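A short worksheet on the structure shown next.
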Amino acid sequence: MADKLKVGIIGIGAIGAIHADAYRATGEADLVAICDVNADRLASEGERLGVKHRLSDYRDLLKVDVDAVSVCVGNALHREVAIASLEAGKHVLLEKPMALNATEAVDIQATAEKSSGVLQIAMCRRQQPQSQVLRDYIAKGLLGEIYHMRAVLVRRRGIPGLGGWFTTKALSGGGPMIDLGVHWFDLSMWLSGHWNPTSVSARTYAKFGPKMADYTYVSMWAGPPKFDGTCDVEDYSTGFVRFGEKATMSFEIAWAANTETESFVEVLGDKGGARLFAGDLRIYTEQNGRLVDVEPKFDESANHYEVQAQKFIAACRGEREPAATGSQGVTVMKLIDAIYASSNAGAEVEIK
Amino acid sequence: MADKLKVGIIGIGAIGAIHADAYRATGEADLVAICDVNADRLASEGERLGVKHRLSDYRDLLKVDVDAVSVCVGNALHREVAIASLEAGKHVLLEKPMALNATEAVDIQATAEKSSGVLQIAMCRRQQPQSQVLRDYIAKGLLGEIYHMRAVLVRRRGIPGLGGWFTTKALSGGGPMIDLGVHWFDLSMWLSGHWNPTSVSARTYAKFGPKMADYTYVSMWAGPPKFDGTCDVEDYSTGFVRFGEKATMSFEIAWAANTETESFVEVLGDKGGARLFAGDLRIYTEQNGRLVDVEPKFDESANHYEVQAQKFIAACRGEREPAATGSQGVTVMKLIDAIYASSNAGAEVEIK
Amino acid sequence: MADKLKVGIIGIGAIGAIHADAYRATGEADLVAICDVNADRLASEGERLGVKHRLSDYRDLLKVDVDAVSVCVGNALHREVAIASLEAGKHVLLEKPMALNATEAVDIQATAEKSSGVLQIAMCRRQQPQSQVLRDYIAKGLLGEIYHMRAVLVRRRGIPGLGGWFTTKALSGGGPMIDLGVHWFDLSMWLSGHWNPTSVSARTYAKFGPKMADYTYVSMWAGPPKFDGTCDVEDYSTGFVRFGEKATMSFEIAWAANTETESFVEVLGDKGGARLFAGDLRIYTEQNGRLVDVEPKFDESANHYEVQAQKFIAACRGEREPAATGSQGVTVMKLIDAIYASSNAGAEVEIK
Amino acid sequence: MADKLKVGIIGIGAIGAIHADAYRATGEADLVAICDVNADRLASEGERLGVKHRLSDYRDLLKVDVDAVSVCVGNALHREVAIASLEAGKHVLLEKPMALNATEAVDIQATAEKSSGVLQIAMCRRQQPQSQVLRDYIAKGLLGEIYHMRAVLVRRRGIPGLGGWFTTKALSGGGPMIDLGVHWFDLSMWLSGHWNPTSVSARTYAKFGPKMADYTYVSMWAGPPKFDGTCDVEDYSTGFVRFGEKATMSFEIAWAANTETESFVEVLGDKGGARLFAGDLRIYTEQNGRLVDVEPKFDESANHYEVQAQKFIAACRGEREPAATGSQGVTVMKLIDAIYASSNAGAEVEIK
């Protein structure tokens, strides 16, 4: 049995705590250091987790004897912290979005390529059992050639923390595309194997967020609203992506819209197709010469964060590739940048 | 009570017979002439309907004393027959698609503008009760400003008459966009009031039709397949349309795809939204300060062809505008032409 | 190739016309006689079908040289006409319900047993492709032992011909149980193989029909309402049936209720289960050690009346058993009688 | 502002911890004592909650200065602990099921009637916002007279802790009826106001649990299975209940069945009806002379345990009645006892 990996977590908020629990659940890592600027949270989580090193400055954490770090700080700090960690020789599991934009993402990836550390992006949705089963189906050719994808994630009312950092572009990088779309775009490309988006025509809207006082909702993650805060990000995004000659993707990604809450990634192949929902998978295919739909059943309690952590640990040990690479993360961020650019231009733009 | 309108029907196949029954149901029209190249059909329908003039050449029908004609011939003859009818001073109810392409549609509309006749396009879906109720909602401002539409009409397996005229571009003008998309695009623009599509980025695919022998299906309208016939039209079409600065539309229109059969037109407004299904309407709005969905119930047996005929008769009498104008029909055809052009170019194209 | 069967149809209304078309579609029967008390319908259908003998009295039809008859008269005449036909040596395809009640049904079956004719009850739903596929599944043991069935057929608003014969017990025998329930009960027992209902506790309600003027609806089959007519039948029926020690069935059968329109027969087995919907089949089972749902796709345009006619013709020729026997029809009627009795008694009743 | 209520919690497992958090969230209670036989859990929860008195014997807790206790021990101890608490003069919030059976429930209620303490049963589902909104609708007469209820809660695979206390009748009292049915039966009677079940005909099955090794599942609450343990409870329960002359209820309650996972309580009234789902409410009614479905939207993050605690605290202060009375709890248990009795007898039984 290999020695346990010594890990630290930079940023021990809600998502950082999930990383901590995931590492522990693997039984293959020792959490030896955590870091946060919020002293109360640092203390309570340090207590709960029984962590030795509890630090307020991430630069101090990087001096501790850890092999790897999870970077779970605010989006606006991803670039700085990820680069510093890689330069310090640490393996990095970097939370999503990879960065505020593609320029930053490219910087991180360039650093990773020069460093000895592994960089894995926290595309945890890939680790859900239904995603893995579908990926296997496609890899075996059972759906044939994938030619079109649909990425639909629309919430009736789901703006998080209206007026706070989520809705402040300088802090978040953007709205639902940054918060949710990164997963859906990543899944579409990872499932289909089409990693070469070449152009996009798109439009973003902000119809609900800016009129804060009129926003009717039933619940708010990271709420309540800060009516004196900022909302300068989109709440709806829609468009059409080409992957060279081979494939296309259409998308609807929204925090707020007057319609059904709906969520799926669809892949269309010439032999079969599938819809991957938040908790279900439906495959459209043929059995015994008859058209059938097949819905495999999955353990909804399976923890994809734990699987993500296991694969990261294995990658740090050189036993496998990272479960989601920095290069793929760069592609997702370039796509999102291009969507914003196309919306501003009112025209299709190329992706380089 | 006004005299009954004297009407003729050119092309008395399945859709022509529906027009005949619809005119009769209104009680305001006398069907005095029908025309078809198929002698058996002409005889049996003439008998069933008790029509005086039964003609094999539409030019003879235009010499009969009729005020108005329904043009229900094959798509490839729409231009010729509609123009001849208008030039003969007849009012024209023209079946969809308006023509094989926008060039032909423009010719028809130009003729209509010079003639004394009324031209109404048979956009019968507008006359369904759920469509009318939703249009009223929007016209009263209850959904606010409409900024995005989604036109989704996807069939798992629904290629009609594979190998026959439906799948032969020279005869049909195209695939599901011509067969079904015309309704969905028309509804999207008519409901929203956005009649100015300015650009489109799109892609069409033909993954099922060309491999005729491998096409697994459960039933076929206008079947069985003619394996020695032609299939040179798309079976899937997807893309993104801009309406100047104000609005956008995304669409998925398919005869065949490995996915859910699904059909709706969605309109998103800043006060409310709606999905118009084949037989249902769902409105997403607020009542008493609470978010609610409302589903009005409708008479599914209501006959929208009869309502269409009534409005056409009233327009012929000068009592109202046509229920769907030639100008609107031209816009739909320009959009479809642009979709094909964008797919061929692999890039966004402007619509003039 | 065998000679064609010579058939007659007694009662040539909507359902009689369907039988006529079904016989013709088989290519194995000659329709030589029809009968109806409505002279206009007799003439127009006689013309349409090109039938030689057009008679107003069914006793005259039974003197014609026909091998078999379809009995498609009003429910209240089923007993008389079916018995006379069997006594005349004819094979009988008897529309549903078998009779007004079990006493009448027993009389018919007793006559059939003494006669040389075949008696088949028109349980046409069994002939839908999804029903046949499911029956095969169960017969092969793939669902294991069936221990519970659910028969759910609930319409939001679907009272047919309010105030007319449908809602007049003396003419119809009852409400939705007689109109629709006969199919659902028959399917439940035929699919599961449990043909021994031993007791039932049930209740019927009439909450909508009797208050005719207040009945809000969106469409009405066999309408419009006759406000001076009769409604003395149930509009909702619910209860619980035991099949000895082995199985049970619960049911909800309604023409009108303030709820979802819903329709399925469910069978629960210890190895698998299924829901048979009006047009779909969903099987709940295991594949490769994983729980899956499977939805086979079917030709929705397949005509189960034609299949029914084919099987009836084959039974008349002695090539197979009738597709639904009189004995099974008696069991269905005994069950319905017992449901009414239990509702009146306010207690469970035994079925003999 | 009133003084805070001093509360204790007997049994600080998963549900006891929820009670603790709920009391704290109200801001109107001080949690001063907890009790558990598991020393580790007692220590960790005591630490987490900062509770002064941490006791291993509930009799010691009852000697502490607390006004009220939550009884969250195993089902088999409900009777003993609730009675002792009431006799010690404490108010009692008693977790569901009220007891192992009606005999025990009657004992508890008799003690409550003699004591000075308030007894509230933890029917927390009533406190969900959708339940409250529907109850208000019905109380205002908007649905008219409620005549039928359907209680449907069926899980494809959901046996909890197979082989453990959940599936051991001596410890749990029964299977899914005790675990889940108590909520659905309570909601049906509370929403409709029909609290007089008079007879039931029912059947229970155990098709999955007893064959432990063959039980295929995707996840298990309180798992993994103990293959050397006991399973002597039902996994499916179905039947039909009469409420005198006025109303009926049908039910399907299951931990395991080869069918759709489905969950709702339906109430049918002559003016309107409704389905209450786990997280949604759908009302079937009329607006402006038109049939409509209305789906109000709710805050899914609202905490019904907190509302339950608030109402319990208010009842302890004499400001209101308990949110669910012991008398109602007894009725639920009598119904469940009768269901088991009917299943054993193979016949309908009366409920006294």
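Observations, loosely collected:
For reference, chains read A, B, C and D in written order, and residue numbers begin at 1 within each chain.
In the analysis below, a residue touches a chain if its C-beta (ideal position, glycine included) is under 8 Å from a C-beta of that chain, and two chains touch if they have at least 3 such contacts.
Everything numeric in this text was worked out from a predicted model, so none of it was measured.
Chains that count as touching both chain A and chain B, per the definition above, are C, D. Centroid distances from chain C, each centroid being the mean of CA atoms, peak for A. Overlaying the C-alpha trace of chain B on that of chain C calls for a turn of 180°, given as a multiple of 5. Taking each chain's centre as the average of its CA atoms, chain A and chain D sit 39 Å apart.
Centre to centre, using the average C-alpha position, chain A and chain C are separated by 55 Å. In chain B, the residues that touch at least two other chains are 156-157, 218, 290-291, 297. Across the complex, chain C is touched by residues 156-157, 218-219, 297-302 of chain B.
Listed in rising order, the residues of chain D touching chain B in the complex are 287, 290-297. Across the complex, chain A is touched by residues 143, 147-148, 150, 156-157, 199, 201-203, 205, 207-208, 216-218, 236, 238-240, 242, 245, 248, 250, 252, 257-260, 266, 268-275, 282, 284-286, 289-291, 346-348 of chain B.
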